[in-house]
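What follows is a pair of complexes built around chain A, which joins chain B in one and chain C in the other.
After this line comes the complex of A and B, so read on.
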């Protein structure tokens, strides 16, 4: 790639891919922006007049919007907390030498391979169902009244399901990070008189800082857009108890057929996601340097 | 105090016995070097003394007390690792303070000891840096500093210089020797480099496959190696071994003569053809073929000697410095 000629040729040759990807991103984004300024409801066909910020003011003043924001944050933070803490603990266990290590590790990764709709349905029908679910049987065996998870604690249940899906991812990344820790450092700490607990907090955890950062960044991006798990379990309800921003956008555009407000919601979601991303990079992105 | 006694210490990994029962006495204040080829068990032995590996049998006594089952931290030993094992997320100051923090040493005492160690090791300007920002030699000194502040009964060094370049290695060798002179603490030092062993040790322990081949001062090992292995391992360049008729003439199966005890002499009894001559300035090392005695004979000659590839030279051994070995490879006195 040294000469000017070859550099120009390279640019020409990668341009189709770049143009395709750019179009792929810019056209939907442009159309969403465009729709968000139109009165565009599929139930009222006809003219789609330009209405300025009307869709935005409807969307932002909708009481469901505030609930959705809170739910989105609870969902993201809850799952992050469970997966990071749980991931560190499971990785610690898996890092110990044991019989059948390879198989156990594959089993631990397994939930990540199950698609979200399937795992959510399995949880809904086989575990959390108040009549036939395993938990219901367990409660009855103990003489307790069955607990209807999805009706009484919908958001917590969804946090549980999503955590189950993402725990393997966190475990995997943290386990590989843990295995890259120089054993001489642990031995040095042992010679220095550090107890196992002190070794974990002073040596292992700081070593994992970068991996934890990666887990938090990647998971946040995906957790902001959790959708399938909500759709197949609670449908955002009861009421709006388990509606997050993604689901609210879906409800606006495909349940109420209001494409304009849905688009405005999409744009709001993009802006909020970017604000979160900027804050995340500011706060913990510095861990990725050096 | 720092007297360490190994009594029939054994180590097995599964079925493999890496260290057969081994006895060793390390006196208080001694600089002891474990030396041997890689895989001879010298690092394992050090880790047994440190407590990082459990012994399979026998007893380790430190200052007369049985320490076989004592956890590493309570043995009063400090170790410097081959990779230095510094904590990368802590500043130099915190690295050095870590063992004291774990032991609950009061803050001002910690500060005093850190400053003392930093001054002794020329680290005062680097106390607030991270290990990643230091050079190899500086990291090495931080690792030593972390060991010093614990005021241990003995220091254990596991090949501490093997990651440094040649020039730094010579410098650090001197620093560690000076440190030993100053602290007068027992030190056990593991290396595969016989030059380090010769230059630093009060006592060298030569190991092969877990066995102690010989224990003695550097000059004892140089002057009277107990067997062929020690003879070949100690000294640089290696001793020349001659078998056959010439050895028989001296009533031995094998005779050994060090390169520095053979001289180029026009009236000498041996002759050969120069294959390579390495001119170091102070010395010239000649690698001589076709002597009829051994494959290649190494000779250390004066630095200004003008010989080249293909020259035929005559050699004369210093017969008073001849080493004789019997059929088992043991020294004949």
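After this line comes the complex of A and C, so read on.
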């Protein structure tokens, strides 16, 4: 049905979306790249001279950058570990016959719909506060010393909060994938005497491999950009103990108003995200052919 | 894979699953409960679960002190506005790609997806400066523009995966029966496309409602939606748990309800069709 005429019409229909996205991508990206080579601080108006790679060498040699990279990786890997392992286990459980499955599913999925600032502030104040938080009450009841989560273990606490937000996503996707598994295969393995563990490792897990990969890649894209949770809980501190790359670039650009260095940091963040994106795109692209 | 199991096994599954479900849901439940307490009861030790005097006073206070509904309305305008404009741009594009696929359709789709992978912080500085110079900073229009653009790839993709499931033969059949292009679109395609468009709408309102990078960085007092308004509770004055809870409960309730209706679409939308 694709005639010459309909082809032309199709092009007209697609072009607004393409032009807008092209503009959204190229104009700011070009500007970031351009700014990253200038000495440009909003607090010091005047000429913005070209300084070559100076911003990059300044940003990359800043001790805060090394901390931020380590924190970014710890945050991404920590949350991935918790959500993927937890997600597989919970999905396995939810896939079993039980009463009220629909309601449990609703309860488990709920945190995903809570906006980041709300979940971060609720955890920070009502759970992790060393005096009035529920954990403090719990510790006291158990005779333990109070623990100031966000001061003594800021990054771990943020990993916990972000994991709570993303566990539902992993669970839901893995559960969806699990439900597409042919139950006859499992029954056949069971009749042949395969133990539950063997069935899990030889049938269920391979079947989930693809979904797990998708979960890891998509979450990584979002987790590299965790921002609100850090802003409202620790402001990246104490010191830079919970500063990730996104927060560091924000701090350079909008707190210290150093547009040049902030832009150089932005370019670094883009490169990092692209490495992950390439793998994700390949997976999704393969699926498009299927 | 619902298999027959013994009632005992089923009971154990049920107990375990409910336990975990309630544990995961607990922070939300606790927030809702706390919103009905007085500030003193909110920090009581030992904590009070249901045995407190339920009050609506926090909801009243939050509205009176900070004009809560203005921020609520900002959230509505920004999330619904950006989604509707996004649909307006995306429906024709997804339609054309699904029904008149060309050689480059796949490349265009993949390229659109790649724009979604751009980390927002990579373009924070230019967007901030453009907004400052054009007066879009702290305006609802500015946020509608940004959220439309960042969610456009997801909207196109979701619609595309839905439209692709509409069989092309049905069009040919309609044409054989003498339907013109207008009636073809109006009576044949639209009814089949509506469910897909509705799910896309729902999921994108949710995503835009909860977006917390651009909303935090591009707004101040005027256009701040709930994400940014709630963030102002990070520097508290005095007792505020019950008020924080009331503000939070109102901010998450509508989306929680919408979200529960869109579980299935969530998987499709957020994995770009890679898991269905």
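The rule we apply is simple: the second predicted complex is superposed on the first by the 272 of 290 C-alpha atoms of A that agree within 3 Å, B and C clash if a C-alpha of one lies under 4 Å from a C-alpha of the other, contacts with A are read in each partner's own complex, and residues count from 1 in each chain.
Rule of thumb we're sticking to: contacts are C-beta pairs under 8 Å (C-beta built on N, C-alpha and C of every residue); 3 or more make two chains touch, one makes a residue touch a chain.
Remember, it's a predicted structure, so these values are computed and weren't measured experimentally.
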Combined model on chain A: chain C and chain B, fit or clash: fit
Which superposed partner A:206 touches (first chain B, second chain C, both, neither): first
Partner chain in contact with A:194 - chain B first, chain C second, else both or neither: first
Chain A as apex of chain B and chain C, Cα-centre angle in degrees (nearest 10): 80
Touching partner for A:281 - first (chain B), second (chain C), both, neither: second
If touched residues of chain A are counted for chain B and for chain C, the larger one: C
Chain B versus chain C as contact partner of A:59, first or second or both or neither: neither
First, second, both or neither for A:149, with chain B first and chain C second: neither
Minimum Cα separation, chain C to chain B, after superposition on A (Å): 7
Residues on chain A lying within both footprints (that of chain B and that of chain C): 182, 187
Partner chain C, residues of chain A touching it in the complex: 1-2, 6-7, 9-11, 13-14, 16-18, 20-21, 24-25, 27-29, 31-32, 35, 90, 93-101, 103-119, 121-127, 132, 134, 137, 140-141, 164, 167-169, 172-173, 176-179, 181-183, 186-187, 210-211, 214, 218, 221, 224-225, 227-228, 231-233, 245-246, 249-250, 253-254, 259, 262-263, 265-267, 269-270, 272-274, 276-277, 280-281, 283-285, 287-289
Residues on chain C engaged by chain A in the complex (per definition of touch): 1-5, 9-10, 13-14, 16-18, 20-22, 24-25, 27-28, 30-31, 34, 43, 45-47, 89-90, 92-93, 95-97, 99-102, 106, 108-110, 112-130, 149, 152-153, 156, 168, 171-172, 206, 209-210, 212-213, 216-217, 226-228, 230-231, 233-234, 236, 240-241, 244-245, 248, 251-252, 255-256, 258-260, 263, 266-267, 270-276
Residues of chain A that touch chain B when the two form their complex: 182, 184-185, 187-195, 198, 202-203, 206-207, 209, 290
Touch list for chain B against partner chain A, complex: 50-52, 71-74, 77-79, 81-83, 85-90, 98-99, 102-103, 132, 146, 150
